[in-house]
Every structure is written in C-alpha cells, then in structure tokens.
Amino acid sequence: MTTAVFDSTRTRDWTRRFAASVYATEAELTELDQRVGDGDFGTNLAAGVRAAVLRLDRTGAPAGSAETLGAVAAAFLDEIGGTSGPLFGLLFQALSRAAADSDVGLTTGALAEGTAEGLAAIRRVGGAVPGDKTLVDALAPAAAALRAAQGTPAAAALAAAADGAWRGVRDTACLTARRGRASYLGERVTGIPDPGAVGVALFFASATETVHTLAPHLSTG
Amino acid sequence: MTRYFESGTGELVPDALSGFARAHADLVEYDPADGYITARRTAPTRTVGLLSGGGSGHEPLHAGYVGTGMLDAACPGRLFASPHNRQIFRASRAVAGPNGVLHIVKNYTGDRINFGIAAERLADAGIACGRVLVDDDLASDSEEIAAGRRGTGATVLVEKVLGGAADTGMGLDGLVELGTTVANRCRTLAVASAAHHVPVTGERAFELPSGELEYGVGIHGERADRTRSQKQVGVLVEDMAGALLDALRPGPDDPLIALVNGLGSVTSLELYGIFGELGRFLDTRRVRLARHLVGDYVTALDMRGFSLTLMVADPTVLDFYDAPVRTPAWRW
Amino acid sequence: MTRYFESGTGELVPDALSGFARAHADLVEYDPADGYITARRTAPTRTVGLLSGGGSGHEPLHAGYVGTGMLDAACPGRLFASPHNRQIFRASRAVAGPNGVLHIVKNYTGDRINFGIAAERLADAGIACGRVLVDDDLASDSEEIAAGRRGTGATVLVEKVLGGAADTGMGLDGLVELGTTVANRCRTLAVASAAHHVPVTGERAFELPSGELEYGVGIHGERADRTRSQKQVGVLVEDMAGALLDALRPGPDDPLIALVNGLGSVTSLELYGIFGELGRFLDTRRVRLARHLVGDYVTALDMRGFSLTLMVADPTVLDFYDAPVRTPAWRW
Amino acid sequence: MTTAVFDSTRTRDWTRRFAASVYATEAELTELDQRVGDGDFGTNLAAGVRAAVLRLDRTGAPAGSAETLGAVAAAFLDEIGGTSGPLFGLLFQALSRAAADSDVGLTTGALAEGTAEGLAAIRRVGGAVPGDKTLVDALAPAAAALRAAQGTPAAAALAAAADGAWRGVRDTACLTARRGRASYLGERVTGIPDPGAVGVALFFASATETVHTLAPHLSTG
C-alpha cells in the first residue's frame, strides 16, 4: 500500500533518511567529485544534511511538512556554500512553499509543483540547461515523472521521480560538461556520472528507502 | 597516504582561522560565529570596503591579504567550496564604507551564486555593493565552457591594485570599472607534476604517470584537460608565457606585472629558477617586465605545480600596485 | 615519481640563485663565479659583517635573509652539502667590516670543517673572524652523538637577533657572546609525515607506513631515530613543546619567541592550526609567548613536516628581534 | 707482474679510473647515503672527481705524480663542500706531498707515508676515531696494509690497501655511528655500510681496476 500524502511525520522521516543516505554514500560522492570536479561534493552535501537535521531537532516534533522542509532549506541556503549548497536550498525552499500552499502537507500535486518551481529557480540562478551535465539533468526527469504521476499516491509518485532521477544520473555519464567544474576537464569526464545529479536522486529515493551504496543505481540495465 | 596535521575533526579551516587570528592579532580580527576575517585598521581615506572570499585551500588567499592597503574582509569557505551567502552578507555589512562595499569574486558558479545572493540581501539592506569578477585562467578559455574562464592567480594582483586605488578614496563605480579593466588584462596558466593530497582520505587526488605533467590545471586540484610529457623548465615556461602573451598582446611600452606562483609543494628553488627562465623569455620578446612576485600567493593545498600570471599594467595601475600594504602575507 | 621543475642539468641551485638575484636586485647581489649572495646596502652603523651559509634546500634560509637588518652575505652550498671554504673565504672578505666578520654556522661536521678552513684563511689575510654555532635540535641531544646537536630552525632567529645587534654597532666579541648565549637558549623539534623527493631520482627519500610519523627529523630529509603513530595535532604539539620547555626551563617572566616552521609541503592551514595548539599549550603552562613566526622559514626541500622552535629571550633580545629588517623573505 | 712505482702516467690513469668508478657507482652511493645520511654523498664525490679531471685536462700531460695528486687535492679542497669534500682533499694533499718528497713518484713507501699523514689530518680536522662509522674506518686499515707492504711493488701494495679498505667498509655495516649524519639515526643504520668509507675503498681499488658495481665488495665471504 502506498502513502497518499506526505504528512509532517513522513516528511521528517524522509529528511532523516536523506541524511542517512548521504552519510552512507559520502565517500562515493567524494570519489565522483574527485574525478569530475574538486572532490568536495560529498563533504558539502553531508554538511548540509547535518545542519538540516540539527535544525529539525531544535524545531521539535510538532513541525508540519512545510516547516520541516523550510528548516532544511534554511540550513542549505544559510549555512552551506559551494555551488550545490544554495541550489539544493532553492529546491527545498520551493517544496516547502508548495507544502504550505496545500494545507494537508505534501500531496502528489504539491510535490510536482514544488519540484517544478525548484527546477526553475535552479535554472535561473545557475544558468544550466538539461544536457550540461549538472544536477538539472536529474531534477528535470524527476519533475516530469511527478507531473505524469498526478492522481497516484505521493509515495508512488516519489518512487517514479526517483527512477527518473537515477535515469538522468546515468545519462549524465555520457555527457561532457558545459557547466560546473567538470566543464574544465573536457572529454576526460565522459563515462563518469555527475555527483550533483546523484545528490538529487538520493533525495527522491530517500522518500521511500535509505540508499546504502550507489553502485546498483549507476550501472545501466 | 599522507594525513594532514589536524585535530581529528577532519576540518582544517576553523582551527587554521583561529590560529591565524591569534598569530596576526595586530592586523586582523576573526568572527568565529560567521567565519570571516576583518582588518583592524583601514586607511581613513577609504570610502568603499573591499571584500573577497572563496573556498579555502588557497592560502594565503584571501585571509592573508586582509589588513591595510588591501582587503578589509575575507570570507573563507570550506575547502574548495564557496563561502555561504550569510557569511558574505554579514562580513559585507561589517566593512561597508560610506560608498558601500566591493566584492572581488573569482569566476566559479558557486562563488557567483553565493556572492550574488549576498548582494541581493545587501541591496535589500540599503548597502551599495559592486562586483569585480576575476577570470584570468587561459586554460578554461573555450567555447565549450559555458561557465567561462576560471579565476586564479590574478586575483591577488587585482586585490592589490584595488587596495591601492581604494586608499585614494575612489568610489564604488570607479573601483568596479578599474577592477574590471585590470582583471581583463590578466591571464594565467598553471601546470602540475603531482596532485594535492585530499584531506579526508590522505590520498593524492589523482596519480600522474612518471614524467607527465598536467597542463592547464586550476586551483582546486582538478586535473587539466590534457596531460603532456614534462619538458625542461625553460621550454615549459616559454610555452606558457608565449600563450599568455598571445592572449594579452601587450604593446611594446606597456609595463607588465608577472606573478610566478607556487601551488603548494613546489620549492622556492624551483620558483626562482622558473622566474629566471621567464625573465629571459620576456627579454627576448622585448616585453617590459616592470614588476614581479615570486612565491606561494594562491595555492591549491599541497599541489606540486606552479602558475604564471601576466598583467598588462599602466603607470596608474603601477602606482596602485606600489602603494603601501601591511597584511599577514604581503607588506611593503 | 615527481620530477622537480628544472633545466635538465639536475642542478637546481645555480639557476635558482640567478633567478633570485634578478628577482631581488634591489636588495641583493650575486657573485656567480664564487656562488655567494651579498646585500646591496647595510646599516652605516654596522661594523661587523654577518655571514651565514650551509647546504641549499633550506630556502629561504640563508639567501632570503640577506639585506638590511639581517645578513650581509650568504654562502649556499649544493643541495644539503656545506659550501666550500673558498666560497666562504671570498664572501667573508667581501663583507667584512672594520671590526671583521661573524660566521653563523649550523652545527654539522661539513659546515664546521669548511667554515673552519675559511676562518684560517681569513686570519691569514688579517681579517678578524668570529663564529656563533647554532645547535638547537633536541632530537640529536644525546651522549651517543659525538657531533652534538644539529643546527636547525633556531638559525633564523639567531640571524635576526644578531642582525639587530650588529646594526647598533656592536663589535665582534660582543656579537659572538650574544649569539652564543642566544643560540644556547633555543631548542627545536621537528616531525615529518612524508619524506622530501630526491631531486636526482624524483623518488621520496624514504617511505613511511600510513599513519606513521618520523619524530625528531633534521632538515636534510634524513629519517629520525624513531617512528611513532600519528596522533591528533594537539597531542603532538603538547609532546613536542613540552619537551622543549623541559629542556629550556624558562623562568615565569622570561619572554619566549616561538617559530612554527613548515619544512616544505605542509600547508599554511596546518601551520596556523599548529600555532593555535601551541598558543593554547603555552597558555596552560603559563609561559609568556612574547613573539612568534608562522611559515616556511627553514625548509628541507619538499618534506611534509614541521618544526617548533622556542627561544628564551629577554628585553634586549626582543629589541634586537623587533629592529627593522628588509630582506627578500623577512621585512618589517 | 705488478708495478713497482706509480709514475706520472700511472697516477693519472689511477685518477681517471677513480673518476670512472665513482660515476659507475654514483647511484649506489646516493642510495647508501640516503639510508644513513642525507643522500648527497654520490653527488658530492662525483662533483669532486669531475672537478679533478677537469684540472688534470687543463694541467696537461707532462704533470708528474705529485702535480697530478696536487691538482686533485686542490679540486676537492677548493671546489667541493660537504663533509667529505675537504676530507678527501686532505688525503690527496698528503699523498701529493709524499710523492713530491720521493723524487721518483709514488713508491710503496711514499704511498704508506702519504696515506698515514692523510689519515692523521682527517682525524685532526674531523675528530673521528676508528669505530665511529666514518671514512676513517676504511682509511685506517688501508694505511695499515700499506705499512705492512713495505718492500712489495706499489701495485701489489695498493691492492692490499684496497682489500683492507673494503674490509673496513664491511665492518662499518655492524656499527652504529657516532660522527656524521648517520649518528642522528641511532640503531637504524646498523647493517648499512658507511658511504664515505666506500669512497675511500673505491679510491684505492681504482689504482688497479675500475669498479663497476659495489655489490660484490659489500657482501661478506
């Protein structure tokens, strides 16, 4: 049975599972960013989820979905630098706003709307388009999957979003980069997936499971 | 494997900053809550605060250049990661002068984004804020790279020149214009014969086959887009400086400022040898080498490599460059 | 394997010296025939020329400290090899003042022999010559070592203090006495987590198992007499500084000068972190940290390690230390 | 048939063979000094023989034994730093003086006298005694062998000196060092022969042969 709406408890669980997935794969993320960037993505993302969970713990149990995601957004926007820190913050901010608009928490509709707006904000600020080998390449298919899942329960929609994001991640492996640090490496990054895109997939996948290792998701077929 | 000397937290930056603040307490102050460094004193004539920042791991950039005659504040991020916008916002508010604050930003997506958000917040708070973007790296000068050229070694020269100019009382618009012009007249190329060690693992970020050289590295330990065989340093310097001259095309009477910069583990014996080769090469090209620096100014942790920067100056720029400076890492 | 950036001759020193001389032509002069560096200007009050020297590979020691307020001449030998006596003799003749010339010599057999022969030749030529021997290394303080303690990091502090004293017009005997006293009040300990690369082979001089540390290295890339496991830097600094204090036993009001010195490849992030730990430790011991330096002052090519030096000073010594200095590597 | 006296030609040949032996074993000497010292002994000694041969070439063919050895001594004393440079210079200077005293060149008597005086000068200047694990440990047995060889031809005497020196070299392997850089390493240098001592053995061995590799001389039995 899948969950219709992500209420406050489920959103908090999602956030903590996201943190757990990031810790579990931090070394793999570091390794990826070392090959296509400067090796700090794992550390940056882990710092983000750590700050987010700290804020959640301070906010306490009664927080609703919108407040939970708002605390996560604030942590990323206000405490985490790097390229990915504020960009992830924009995604969480848009999701928080969509949850606030929906009254009952994160419905499939709110998830689709928030993700689409997060994507738009990230594209405005970072200037990347799909195919530039950035986290946009995972976020765009996730947004599309959520839009297509209107009418299905939130948990099923999020599982579809995760599938789309992982597919996007695998597609980045074939690209050379036009944005971000990987763009300085030319042909050398072909074959290696984009770490930021992996971070996006980890986020959606953590709605329903903790990801312990990246390998199964990165290999095609 | 080579572990860094650290306190077991895996984080070099906060410990380094508090040690730095104590070591240079006569010149700088450290705000541990927001993680920025400010100058204790600035010239009374200065009307615009100068602020720079970026990922850590490039020391002495930027904190080492906070003091009189250069930066009023530096915002160090985590290792190789842009500072966050709150840090930049608060530091900017702390050092803004009557004519506002100028951000000197190296061209990286992360820095642009975080400095950008901070600038919005400053505008919101009624504080005038300008930006000079430094994008001197010739290796990333390509149609294929939408992000544009990286900001590297030239940053320190731009900071010095703007420091001298700001001390004359120049306003925000003037500084933005000067800085933009000067940054446009700089190009840098960097090479490495060994990667830096990654602090969390203690391993080298990449392994180079013996006798190979990464040609066109940045300052984040990233590989270059190509590897070539390591030549005698004279040939290498000619190739690099030749490319810089081709890009800059200085006039015969233009005074040049050169920076021979170690990226971390190169010995000063090598840097002076490299400077000797550069001097000889510029002589044969009949270019006027008016000023020069040799040393570790903008590093990439303990990367074994060096960069060459050339700036095409003019008499006014030379005056600003020559103006007095008193910071932890640069004084005259 | 990591090749040095060099001209293919395998010799880093002559190329470095000529580049150095060009880079600092305002301050120093280079005699390529005899291979020594002299200051362009010296204080008119100075009556004794100050000269130091030793193997190369320790840059900025010694050539980087030639200028006003510090050394009048430096004799760099080959890498890690004492200069030869003719070089020392000729440089001494060139900078001797009316009251002669003072040799600041690190305690190594080779240096003692070559400076000794030069001193004989100077006596023969009627030039008064005194010697201050620096032997600060605590790790080589042992009954078993007939050669005595090595001269390491303290050398730069002794050179600075003697430079300040010489500028007051102090005579040769006074300088020898002061220098000997001051050198006796210094102790140093050094550790390394990775060896330097040997220029001729490009290989590390030795390999350390992961997580191990050489405790008590010198400045020639030689191993220490023991290896220990690498602890958190706070514990390490306590052990090292504790041993230095035990050896020096400063009185409660004695002002201390501390040098946190990188041996080549350690980042300045680490050095400032180490300085922070040292400051905290000295505070708990209620010792008065009056002055300090943090940086690469006395290196061992690109060795990955650092040294801590403590000098027990007094108000007169602090005055000499604070006196103006203007050299390529040290100015205030 | 062994040579009775080392005349000018033979002394020059000896010097050039010494240079060849040093070049051939430079890497091995470097390696030894790396393990017990600072790794520059090979370079220092090679610089010395190079400077010496350059002076010989300038001095020209008619030089006698005393002048030849005098040129070698001057090269080491005046151009080579390090610990070993001037110490080797003292040995060559003493041999040159003994050759000058003997009129006919290097007789076995002159060789014994020069070596003994060189040893005495080195001990005066460097302060080392036998057993300190220095070049003195090869020079002392060489001097003793030459003294014992009185009455035999010079070439035979020098071969005996070389044997003594190599024995001395092998004995240094068992010692910990009290002088020189090896003294800083304590027990760690036990088992490794002293490079300076090897240099002395190379010198005497080169009187009659070029040494191409050290290994056979360093292994006992």
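Going by the order they are written in, the chains are A, B, C and D; count residues from 1 in each one.
Quick note on the criterion: a contact is a pair of C-beta atoms (placed from the backbone, for glycine too) under 8 Å apart; a residue touches a chain by one contact, two chains touch by 3 or more.
For clarity, every value in this text was computed on a predicted model and none was experimentally measured.
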{"item": "Contact-graph distance - origin subunit B, target subunit D", "value": "2"}
{"item": "Whole-Å separation of chain centres (CA-atom averages), subunit A against subunit B", "value": "32"}
{"item": "Computed distance of Cα centres, subunit D from subunit A, in Å", "value": "73"}
{"item": "Geometric centre distance via CA averages, subunit C-subunit A, whole Å", "value": "54"}
{"item": "Centroid distance [mean C-alpha coordinates] between subunit C and subunit B, Å", "value": "30"}
{"item": "Subunit D: positions in contact with at least two other chains", "value": "none"}
{"item": "Pairwise touch network: line, ring, star, complete, or other", "value": "line"}
{"item": "Which pairs of chains touch, using the document's own definition", "value": "A-B, B-C, C-D"}
{"item": "For the subunit B and subunit C complex, residues of the former touching the latter", "value": "1-8, 12-13, 15-20, 22-23, 56-57, 59-60, 64, 193-194, 202, 210-211, 230, 232-234, 236, 264-277, 279, 292, 294, 296, 299, 301-302, 304, 306, 331-332"}
{"item": "Footprint of subunit C on subunit D - complex, ascending", "value": "30, 34, 37-40, 43-44, 47, 77-87, 125-128, 132, 176, 178-181, 183-188"}
{"item": "In the complex with subunit D, residue positions of subunit C that touch it", "value": "55, 77-87, 108-110, 113-114, 116-117, 139-140, 144-147, 150, 198, 200-201, 205-206, 218, 220-226"}
